[in-house]
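Sending over a structure as structure tokens; questions will come in a sec.
Chains: A, B and C, in written order; residue numbering restarts at 1 for each.
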Amino acid sequence: MNEFVADIDNPDGNTMTTSLEKRLFDELEQLVLIDPHTHINPHEAPSKTLADIMGYHYYTELAHSAGLEKSQIEEDGLDPKTKVGRLVEKLSDLDNTIQVSWLLEMCREFFGFTDDRITPDNWEGLYDTALAKMSEESWEQQVLEKSKLEKVFLTNDFDDKLEGFDTNIYVPCLRTDDLVFHFLKKSVRNRLNEASGIEVGDSSTFRAAIAKIFSHFVEKNAKACAISIPPNFSPQKVDAGSAAAVIKRTVKGQRLTSTEQEMLSSFAFWTLAEQCDEHGLPFDLMIGVNRRVYEGGVYQGQDLFDKRVSLLQYKQLFNAFPNVTFPVSVLGSTSNQELVSYSWIFPNVVTNGHWWYSNIPTYIEVDTRSRLEAVPRNKQIGYYSDMYKLEFALPKFRMYRRVLAKVLASDFVTGRGWTETQAIDFGKQVLRGNVETIFKV
Amino acid sequence: MNEFVADIDNPDGNTMTTSLEKRLFDELEQLVLIDPHTHINPHEAPSKTLADIMGYHYYTELAHSAGLEKSQIEEDGLDPKTKVGRLVEKLSDLDNTIQVSWLLEMCREFFGFTDDRITPDNWEGLYDTALAKMSEESWEQQVLEKSKLEKVFLTNDFDDKLEGFDTNIYVPCLRTDDLVFHFLKKSVRNRLNEASGIEVGDSSTFRAAIAKIFSHFVEKNAKACAISIPPNFSPQKVDAGSAAAVIKRTVKGQRLTSTEQEMLSSFAFWTLAEQCDEHGLPFDLMIGVNRRVYEGGVYQGQDLFDKRVSLLQYKQLFNAFPNVTFPVSVLGSTSNQELVSYSWIFPNVVTNGHWWYSNIPTYIEVDTRSRLEAVPRNKQIGYYSDMYKLEFALPKFRMYRRVLAKVLASDFVTGRGWTETQAIDFGKQVLRGNVETIFKV
Amino acid sequence: MNEFVADIDNPDGNTMTTSLEKRLFDELEQLVLIDPHTHINPHEAPSKTLADIMGYHYYTELAHSAGLEKSQIEEDGLDPKTKVGRLVEKLSDLDNTIQVSWLLEMCREFFGFTDDRITPDNWEGLYDTALAKMSEESWEQQVLEKSKLEKVFLTNDFDDKLEGFDTNIYVPCLRTDDLVFHFLKKSVRNRLNEASGIEVGDSSTFRAAIAKIFSHFVEKNAKACAISIPPNFSPQKVDAGSAAAVIKRTVKGQRLTSTEQEMLSSFAFWTLAEQCDEHGLPFDLMIGVNRRVYEGGVYQGQDLFDKRVSLLQYKQLFNAFPNVTFPVSVLGSTSNQELVSYSWIFPNVVTNGHWWYSNIPTYIEVDTRSRLEAVPRNKQIGYYSDMYKLEFALPKFRMYRRVLAKVLASDFVTGRGWTETQAIDFGKQVLRGNVETIFKV
């Protein structure tokens, strides 16, 4: 079967490798997925208009970067359709980006868009078509089915009541940045007191309050705890007495030195790890983001990173909690080899997806290649969409599956003589099987 | 089992991808270029002998690295031809390097050299042929035409009078390392006083002197300000009063503490950015070089780098000057993902070429792939030659265009179904179009 | 133009590149090797049972990482066959790893294993076959011949008597971690006193003792000195008087401040470099390992790394010893570009193999590509096995030769029009020729 048949989707592709890749890709596309990390609001999971998609920071930040004034994008009272029109004007500067290719793929798959590009001439028709489809009662269901999504993990504030949605489909996950890094804010402390029913004033009450939060989440079928972390943080065990003193001062509204702030964050972090241990919940660490670097940026388009970070900063944590599984995401591809190596060695560290600035094909490819060949196959969570609206899953997972198929083809089937079935099984394990075992879902 | 169809320029290459790459490459080679960063001396732009080419640090540093004593290379009174002969003796240890491939390409294209390698047996004939050609009155014009170079950006000392050459062809750029990092030297201060006609003694006079320099450069058609920066520098806004105090002490020849030196450098840097803002000049930042690491090295063959650097060090600068465009070059490929991400987010940051230790195909390729797929297409300056003599542009740009054609072929035409025309247009924008819009040239 | 001929070993591979790669690979496989860095015990070089192979940290650390309890692996009195059986149970979670592919390759090549995988069903037969072969008197010779190994460099403790083995086949190398980083331990100091016959108590006696050690090693045909180094170390020249004071305190068993510890380490390091200079021995630096990061790990499966390291930390050393050759290995691929650049510039720095966490195909490939195109060809040591038992050389060198053949094919033959002979010669120089010239062996 070495004949070359011009492949419609790859008219100029080379023969065998492409056909092999295509067969693997097609098989992987059949898989029904559990998406292990998103920012979906389960009460408003799918988009209502094209503005929900294009108004997301993926596109607003790029349009702004390419020269569209922030005031044009975030004008008060700007109606969705006008906003989309303005963003469309900028698409010609962005059509090379992988993010715009997701947009086109979404529009083709969901709205039957057939043009080459979205332009000032054709966007309104697309907008209207999308609006019509999105208005259908079953739109959410349609998107889930077409995307072959069975479950979607959420990102929930610690005081989210977790009511009014099916927690079997939309799986709660406790997001904890506020507790670890923003406990200094009175608003955060008030929310904690209210959500836990405990007046937090020292380390015991803090621990008790966190325990309450965890119980609530676990009762509601939560499957993970998660946090995003700046590059300069290194969680250490803090003596409860020292922590108590700092918490007391915090609750009184007193200023903390930076050392005290670190102690507070460490203590909170450690408490979360203890609760994960008790409840058998994986603790997703998303390491390496600096918030609000571009102060004049659009909403959610301000964060960047400083690559000078190491997983060695987590040595104490990984050693202290051998029974807690830490799915780790790194923001920079320069951190990937550490992640591969730490997952290779630490039983409780697993690789987790391709995050944000590393979620582009060039870096997904090198990071996937190294993980597939050096991390035990049961210790890799292949991908998550990180999406805000359901329509994003399809193109993002597809991008990942293209890379995965390419690597499985070249490195395993061609490179090591694996059968296609063996390669596909490995791909399925990385895409889904491990999500089931690691998150017990 | 070696049947295949020989492709003339790629006797062993695979068919389809190579043919596509070749078509794109051939189209990109037709483009007339503006070279946005060089070290050309406009009064002596082309080489006079082969020693101008081979005596450049690219080859002297490699020959020395491979075992040729510095004294053999930099002997007092060494005549050009003898120098070349000595370097040729070492070429057999260097024929794998991409730098020697540039040399061979130059000799083939410009001097009709047909041998496989430059050897002790054939170099003298080559030297004489080159000498004859280079002696032709029209040699400069020949090189510019054959290289399809329309304009060449220079690197000018701040006190360069910028006279005696056509500033439309050789475009001045203000190089500012001396002002920011060497103001401690009396010679630099004297040169500034003389060039500006102002006796610099405090922050006002410093600012006025810099303003004079900028005016002079802008009058002479300068299109950019530029600086190379060590990895440990982070420009901050400095209060004019504090700066004044430090400048006064400097001018008196007093020692500065390292904190004061940093303040001085930051103040100078900020002043330059203010002038770029006022004059609408892009400010080229070339980040990450450590000077004189190998103290015993040949001339210009001593610098290296410490990869522990982050663009986060430029957070204050990028936020403070939203109207200044910063074309950023990074010395290490490990810094490329930050550059991609900062250019993706900050409207005023654009990617700039492939610099020095990152100017080798392996790193050009991964850096180009990530930039093409994640940075708005109007925010990428594809390449500059960084050349000292005109003959270098052709092989260096050709190396880049090979990589660019390869990436456009695999990632855009094959990968995303772009037409070849669309891919070529993108390549042309990155190679030239953006140079025109960003530098207004 | 899409015809191809099915290649037996690559039924789905693309044509020309694979055939070309295969020809180059086959030629490189003919080369008889000198392995320039291993941990072979010359008194027990080959394995006795499959447990010597599978009980090595490559497999125990991975099995443990995948979920096998350390107590199951390191149980007191555990007999080899039972241990292998337990590890085999875990292989299904590890069959994707390159390390397990080495295991399979060894079993195929040495024991005629023909199955696809090693499983609970077929391992015992394999174990018994291996035992029978390994019991053959000539097993060591068989392995050396089949692996085409002519010489194997060792890693010897400084007080190794170096007796009872053929130092022409098993070439001694002085490993110095103890002297530089563990002189604080009384046991190390006692061993030094005994091995040198000198009571070390100050800098003179320290130097004299080291000189004795070197003389002993050189007499016994040692060809290198070597050391592995954590990321935070930067060797500096230390005044002999200051060093003397610290050594005296150390010998008295007094506590040292961390500054004093650094001085002690630096002084020891510098002394070693001086001895390398005197004896013309290369000084192998293996930079970037943090020991005992995973405290609960299996034997030799605890070390990891912090990628925040730079070769700039070695600036003083490289400048101070122009006549000492430093073959440098870096643990992280993020350090490779620095290594390429420092080897490009410093005559006394050469690239050395692919170490540990960088010894996987993804990183070997990018690191090899950049080295081959930018470092003088006489300044690259292509590969070493780092093996504990002889059987490992074959699959590890084969993995490297596949990558080398691929890069030579694409970048040199196809990319630059080199003949296959030229490419093969370059490959042989990198694999063996440079080992001979650099280590004078």
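Heads up, the rule we're going with is that a contact is a pair of C-beta atoms (placed from the backbone, for glycine too) under 8 Å apart; a residue touches a chain by one contact, two chains touch by 3 or more.
Please read all numbers here as calculations on a predicted model, not as lab measurements.
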Roughly how big is the turn, in degrees to the nearest 5, that lines up chain A with chain C by CA atoms?
120
Given that chain B and chain C are copies and touch, would you call their interface same or different according to whether over half of its residue numbers are shared?
different
Round to the nearest whole Å and give the separation of the Cα centres of chain B and chain C.
38
Got the chain A residues that touch at least 2 other chains?
14-15, 308, 334, 366
Residue numbers on chain B that touch chain C, as the complex places them:
1-5, 10-16, 19, 61-62, 64-67, 93-99, 101, 290, 293-297, 301-302, 304-308, 332-334, 357-358, 360-363, 366
Over in the complex, which chain A residues touch chain C? Could you list them?
2, 4, 14-17, 20, 308-312, 315, 318-319, 322, 334-335, 337-338, 340-347, 366, 369-370, 372-379, 409, 411-416, 426
